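Input: structures, listed below.
There are two complexes below, and they share subunit A, which is joined by subunit B in the first and by subunit C in the second.
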Partner chain A sequence: SHKHKLDFRKSKDLCLSYIQDAMLQKQWKRAAEFLTFYIESLEKDFSTEYMGPSEMIWRMGTEILCHCSQSNMKEFNSFIEQMKTLGVKRYLKVCLEHAFHLLCNGRTDEAYQSLSLAESWRFGEQTTAQDKELKLIQAYRGLLDYYNWSKQKQVLLEYEKDGFEDLSVEQEMHNSFRKAAVSLKEIIQIPGVWDLFVQCYVDLLEFYGDHEEARQVLSEYAYNSKFPANPNAHVYLYQFLKRHGEPKKSLISVLKILHDIVPCHELMIDFHAMLQKSKKRKKRRLGLEVIFAALDYAGWKENVKAWNCLARQVKQIIISEKHLEWIKQEWNSRKDWWPAFHFSRYLAKRNWQENESLAYEKALVAGILLGKDCKYFKYVSHQGCKDQKKKKFRTLKKFVNKHSSVYLKISG
Partner chain B sequence: GCWAPPLAPQDILCRGTLRRKLRSGKAGAALDFTKQLGHFFVDHPEDAFGSLGPLLHKNFYLGNAALRVSVFVGLPALHPTPSAAAGIANVRPICSPQRQARDTTIRMTSLVEEINRLEARHGCPRQRFAPRVRWFSHLCRDWLFEVPLGLLAGCVHDELERRWAGLLFDDSGTAGALAWLPTGDAGAHTGCLVYPAGPAMNQLCFQDVVLGEMPRARGSPAQFDLNGRIRQVAAAQVDGEGFVGVRSDYHCGVWRVPGRPGAPPTALQVIRTDVPACCLTASPHLPGELAVCTESGAVYLWSVETGLQQLRREAQTMFFRDHSPWRWSEFTAHPRVLSCADRTGLQCLDARAPERCHFDFFKVGEEAGCQQGERVVLPMYLGRAHPSQHLVATQFAVYVMDERLPLVPVLKWAHMMKAPPLFAQVVPGGPGRSHKVLLGASHTQELLLLQYTGERWGGSGSACQLAGPPQKLHSISSCLQHLPAQLPHRHRLLQQRLGVPATGLAAELHAQGQRESLLVFQLSEAGDVFYQSLTHEVAQPEAPDGEDEDAAAPSPSAPCASPRPAPAVPSVAAVLRYRRWLRALFRDRQVPSRHGGARAPPTISQRRLFTSKDLVPAAGPGELHARARQQLLRTMRQGGLIGRWAPAPEPQPPPQPVQP
Partner chain C sequence: EDYHERCVQCSEVNWGLTDGGRFYCRTCHNVTERTREVVNSAITLNTRIQTISKGLRKQEKSDEGWEWYVCEGFQFVLRKQAEALEALGVCPQMKDEILCNFWRRYLQKSQQAYCNRPAGESIKVLSGCESSTDMDSEPERPSLLHLLSLSESDGDPLTDCSFGSSTGKVSESTSACSGSVDGSLHFMKNQKDKLRMSMPMTLSFCYMALVWLRESMTLSDLLRFVVEGHIPYLNVFQCFPEKMKLYGLDLKIFCVESWPVYEEVYDKMLHLAAFLELPRFPDITDSCFLHPDMLCMKYLMEANLPDELHNWTCRVVKKIHIGEADFLTFVPGNKSTRKVKYDVLAAAVIVVVLKLLFLLDDNYEWLLSDFAEERNKNNKEDGPYFEFKKWYKVIKKSLDAEQKKMDEEKAKCLWRCEKPLFYSAKKKSKVLKRRQIVVNLQHQFGKLSGSWQPAEKPNPSSFQLNWSEDNTDGSCFHGHSLKGILQEKCGLLTVMNPDYWLCTVKLCTEKFCGHLAHYRDLDFPASYHFVLSLFSFLLRIQPSYIHEEVCAIEHKLFNKKLYKKPKYKAGQRK
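Right after this comes the complex of A and B.
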């Protein structure tokens, strides 16, 4: 009857909420008991909801078994095997997560087997979702191949040191390489974030000396517009080019793009240093822009290195008395908020207490950009000059006083 | 939305029809519209029949006696009777020539009786139409009403729909109205709780709190009376000073809380908006800077020094069409870049060139693996944990996003909460420790704690992952079972009070020597503040990664007149405070009944939507109420929007009505 059905559904929902409650309170045993009731109440999963009951049973059961101290690996595996047969559409997902679980417990070989088994599985016509999942499974299997490869490589290197050869290991290693390379190459052609796979693939290629291919893979990963804008892609390319001693020019062009996407990347310090060494005026101008932009970010507020870079370049510009307009241009868009963001009296006090060298660099910049009456500069130079031993603060004060006209020029 | 169905005369008076129609049709919520309109007529007779009531009162007779000609001139001709008819004024004695009265007066008593009988038969399947009632409504529906009935019904229906939507999901209190600001130096264990209080939740309180063994209120709170219900309190600490943004429907204000404990907060600025404001966030980077959004789709950067700067005005949602006017804005790692959100996703835009410089940050769609119908409920900047991370909560899942890698979530977890999380708090973990994120829902009072570890700024670059399974914390109503037993009717009262929706969430890590605890404060709609403390437990061997926080016995407390039910071993002071709170609760519940007015139920129910008699707060007893009123009027006349109201010491303070 209708009422009976309704009651049945209600009690099922209630049971589900009990399980959830118990899990969120870490009462795993209670949750397991409720879960068995829940499973019994299910006849067949006809649901069209986003997450049907059988998926829930799989997820909750896995979670509970992971946390139940009594359960062992065998139990877990048998549960998973049951789950694999419960839903055809979910088969690949279950396999992948099972492999992760095995890996977390240090059972690499079993994980490998499970993945290769899943790889050969076919059901009906392949949907796009299935295809993607299959690629992912292949990729992780490839990752394990890579892992084997690097282990064998280590062994061979040890042997080499001791002066003997082992052809079988070498053969095996080459085998692993081929398997890994094929499946890794496949996944990184699909748009996505594949940092791990790309790194491993490039490592393989580099070991066998295929630099051209590696370079192509990396630039494809970085520059293909179908891929999400991933700053790591540019970092990998930069690191690769740097390893292979590429000319400064190409390094700079890679970092320039990184600067455009993520102005607050840690590599911006290196980028600035590189640009500073350049003889070209345009590059040095870009350097100033880079360091100013990096210091805009909250995460860089206390970065001594960055402040040192800025202080040095500003000082250089002032001493040479050339390109004051560079500073002026950069300062223009910042003068309404940098004083409160970087150069407040509160920060002067705190920086002085916590990091004297940071306070020194910042005071130099503040003194030049805001004049010698700025609160930050006044506080730090006053504190610094109190101590007779700290000579650098006296020179700082002298320097700022000497160039006090700069402040008028750039703020005017 | 759907417009009110055109009403037939019988729909007004015979309520069965419409309901049947709604049940058979595909109309969404089957609100009993006829009844609601009826309530409106009873509650606002002046608005509904304002001018015709006085005009007609001479001609309608509601007494029991038959109409007859009186022979005594100057004496009441008709007996005045207590009126039971809706909106029809009492028939008063008429002193006009008697013959005329006899000709122009009709007896309405039987009609009223018939209406009452209809009421009594309500729901009866064999209900017959009353021809007389139909005849009367047909006769007068065109001229009896002050506002044409169709128009009025449209307005009432719109209002009903708005309220109905509010009952299903009320986003006006997004992000919550409770804030914690640490004061004094680090390790001083003092802070300031900011929350609304009062019957209309319009008093802004700044309460100093000392975190000792247990959090304890110090002194009485600094109070400000505002002229609107406080929806949200947003706080941020910049340069050792706290900045508190307060949002009500049409006003936003900002207060400064000095870093020294005990120093009084000062109001800095207030802005008024034409459309309700729906978001206010305080900048963690620059003092006195806030972001404001209104329901018209406008986003402003509000600086106390330079005023308002409009960054965007877009009535349409960003990525696909959604009806909600809700907008949100948060600050990001760059002090000049703000994130703007609506129900469909987030964008980041640069305040220096808002039209040109912006990028998509989060999209409800395939990239994030969203399911159908998923909508953004609450975005939050996680700057305290990591400068470039944001939390995006939807009704199904929470996402951790990184500004440097937009559109691809770095962490996703399906929270399975019964109600969408409206409140969130982050408590950053130090180096090598997990960050704690608390999620809270309003009506169900759910509270979840999840911990995640992520890459440190400039660190080695480990991936974001959850540390240990998420945990459910105690809700306010769950502390009822730990309280001493009460008489049944008081138990019910207490249950009701503890079961009201939550309206705010705050958290603070409290380290005392070796012992470290996480204090979680919760505010309820009744104005009570509760806390629970979670103490750090040594991780068990089978869960080697991540730390384990375990909930201690719930020990709700409140800084002022709020409950403090017993923890495992309650202190004497705690018991006293709890008793005081309980006494006040029971006393205030009894006061209005003595005055004869029923109180509004704790949550609006659909049935009660329009009985405004119930919603009128009990007339504040006497002097204090009058003074407050006067003060409010004066401030409004002067154009000031808020005023500090310090009541003079009262010999005997009148009972404060408990807010429903």
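Right after this comes the complex of A and C.
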């Protein structure tokens, strides 16, 4: 026979394709129907397959049960219990995903129980083989401990307001804290992205006054090169330092790294503000670089605050008649594309229609960088000056006219 | 001695050895045919038929069940299949005589039973049931029974005979990996020349019996009934008696995971008939169902083609002499003649006729159809003229719908059954647990989808497509006339089309590549492919098989033109 595959196998593959088609078209009943016929694949050994029938059935069954309106949590749970028995190599993964599912459905207590149970699972060699999943399970259980702690803390605060005290709740709270702290500390030691865990852990530490440990944790998370580059790590560290009144110097050094990784981060405005206030020339130079870099990104195009920052600094530089070369340096790499990107006639019209403050700030920048004859400035200032009440546009016009030769020096 | 069977005459176990090396009963001096065996190795296993009266049952191997041999299993299967065929309308002789005699002969030839040891003992012709059977059917049918040696059992032949244990030692380990005693031996190489029994071969037996009896069931019908579940094949071991335990290597023998393939069953039948040294089968005459004239009529109806085409198929059949008994009748072992596949042949004849009338070159048939349509407009008196275009639309729609249904049914095919299968006793609990999970999950998702029922078995029918003249939508073409596409010449209606294209100019040598011709749908016109695919669907075989037959017919039809001088109108199509 030329057939490589037996008809059993062929018909199961065909059945699988029907299930997949139905799922892609969100025909859940039809998918369930064909899944029913696929299920007997479990009785055939496909051990050479990359993904065998039991895993397929777990994944597809989960999707179908989630979407089929008739199914309920009880059925889902019983399904998962059977899936757990099917593949010992996948046991913890199934447990973990089941817990996620329960959490998504608001069943935090059940999720907690499920995770605790899974945590205590031992199965010879498999325990070490599934070490990663076990750690994740512990971590999430720890997270739920934090969640409990948080709830208990709220309760206590409420009591305090009313003048009550409750030792048992307090005791529970401390217990939750201990359990959470241990697990959370564990997981964040492993290189990875643990934003949520880190934040929760830091919250715990701060509450109990262990600021040193918190700072240590956040620094590790941000600066340990073994960990993947994560902008959020720097943000958390910055926020922490700010909360604790750290000197500007440390704040700036943290944000500098953030600027290097994510020039378009929303904190760049704060960063710019800090840099501008600095007495050091280098810092102010950096500030200009930061604000220009942020405005390179499409997401910032209509950010009035950012344009305001840039406009102010540009204005200040021009009035002081010092450091014009800073602007030149920054403008050099942008003069080819910023005009079309920010200062087209179309944008002038649109900005004017939608947001006059935005148009104002941009017009100032455009007028300086491109001269008073540029499309943007001309349009906006013309529109703005039409209205007698809007004095600032006349001021703007005067200012730009006064410094109209600057743009030549800049673009030179 | 290690021979412990009871004496047939006196039921004692008291054996001695004659000078000639045969066992004799010391109590009643009954001499048996049994001689002392030389046990070469654990592998030589000679089972010997012993008639045991109905009362005595097999020895228990253990609590687990009986000792049973693989051929006993196949015997059950054959019996079940014969019963099913009887339920489908096949005459009872099939089961009680033909099939069981074929089977016995097979056992004899393969020396699993009904014979003495292969030490050159001649086969004894014992008196059998032949005197009690009715021989009033076709007198030309030779009596098979005279050629076989039978046991003395009466009653239901297929259940009653049993197989004794042997003196050859089957080592513990070989029987432990299968429920049957000789499961592991079944796959030994030296069995090849003895035509090893297999599940597909049970169908070869059935088909052989059907042909012998000239029943109205073609091989494609038979195989279709198997897939539809009317004939036991898949999970047939469920019907084995409880005590006949099946596990390990037995699964490889009796559990199928593929549907039987036409070619395979057919070829095995040819080998089997030769192996059994059967004589010429009863003649296939023009009153038989298997005759091309009959089958063509059936297929024309099923393909929704005009009845008038039957005249043309008969003409082709007559012209190339494929309606003659000598051509059609099966003669086992005769290697010189090409064996006839009745269903494929009939389908191919129809295809050739369609080519003759419509050319099927993706051009002419449509022009002709338009022509017929025109004539139909003015046609008031006669019945409607056949229009290829209309027919094509109707058939295409039906074919697509049926194919889609068939594909979905294939996807919904359930291969496992309630009876658990396991390779070893150790795995039994795991298998049972898994089965339980499967059943639970099936119920759970079955409820979600609305109803949990495996696809219902369609009622057995020899027609897959039905067209009724009562339909007012004009979708039945049986009564349509071919006048619309024929022309009158000398008072006779002939084709308008003077051309014909051959599927292939030269036939392959079957000996080398196994086929007369090869088919690639891209090389041929779409209409031709469509017609092939229609019959491919009806017969459940690959289009290439029909194509091959078409080539063979064309070569017979245009023989003179092909092999005389190279002056012919027909040209090969690319």
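Note that in this section the second predicted complex is superposed on the first by the 395 of 412 C-alpha atoms of A that agree within 3 Å, B and C clash if a C-alpha of one lies under 4 Å from a C-alpha of the other, contacts with A are read in each partner's own complex, and residues count from 1 in each chain.
Just so it is clear, a residue touches a chain if its C-beta (ideal position, glycine included) is under 8 Å from a C-beta of that chain, and two chains touch if they have at least 3 such contacts.
Given the structure is predicted, the values throughout are model-derived calculations rather than measurements.
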Scan A:K26 for contacts with subunit B and subunit C and give back first, second, both or neither.
first
Once the shared chain is lined up, is A:L408 touching subunit B (first), subunit C (second), both, or neither of them?
neither
I'd like to know which partner A:D7 touches here: subunit B for first, subunit C for second, both or neither.
second
In the overlay, answer first, second, both or neither for which of subunit B and subunit C A:W337 touches.
first
Given the touch rule stated above, what does A:H67 touch, subunit B (first), subunit C (second), both, or neither?
first
Can you give me the overlap between the subunit B contact set and the subunit C contact set on subunit A?
17
Please output the residues of subunit B touching subunit A within their complex, sorted ascending.
239-241, 284-287, 306, 333-336, 352, 367, 371-372, 383, 387-388, 404-408, 414, 416, 418, 448, 457-458, 469-472, 542-543
Residues on subunit A engaged by subunit C in the complex (per definition of touch)
1, 3, 6-9, 11, 14-15, 17-18, 28-30, 32-37, 39-40, 42-43, 57, 61, 64-65, 68, 70-71, 75, 78-79, 82, 85-86
Could you list, by residue number, the parts of subunit C that touch subunit A in their complex?
257-259, 261, 264, 407-408, 410-416, 421, 431, 433-435, 437-438, 440-442, 444-450, 452, 454
Under the touch definition given earlier, write down the residues of subunit A that touch subunit B in their complex.
17, 20-21, 23-26, 50-51, 63, 67, 69, 193, 228-232, 261-262, 264-266, 296-299, 333, 336-337, 340-341, 344, 346-347
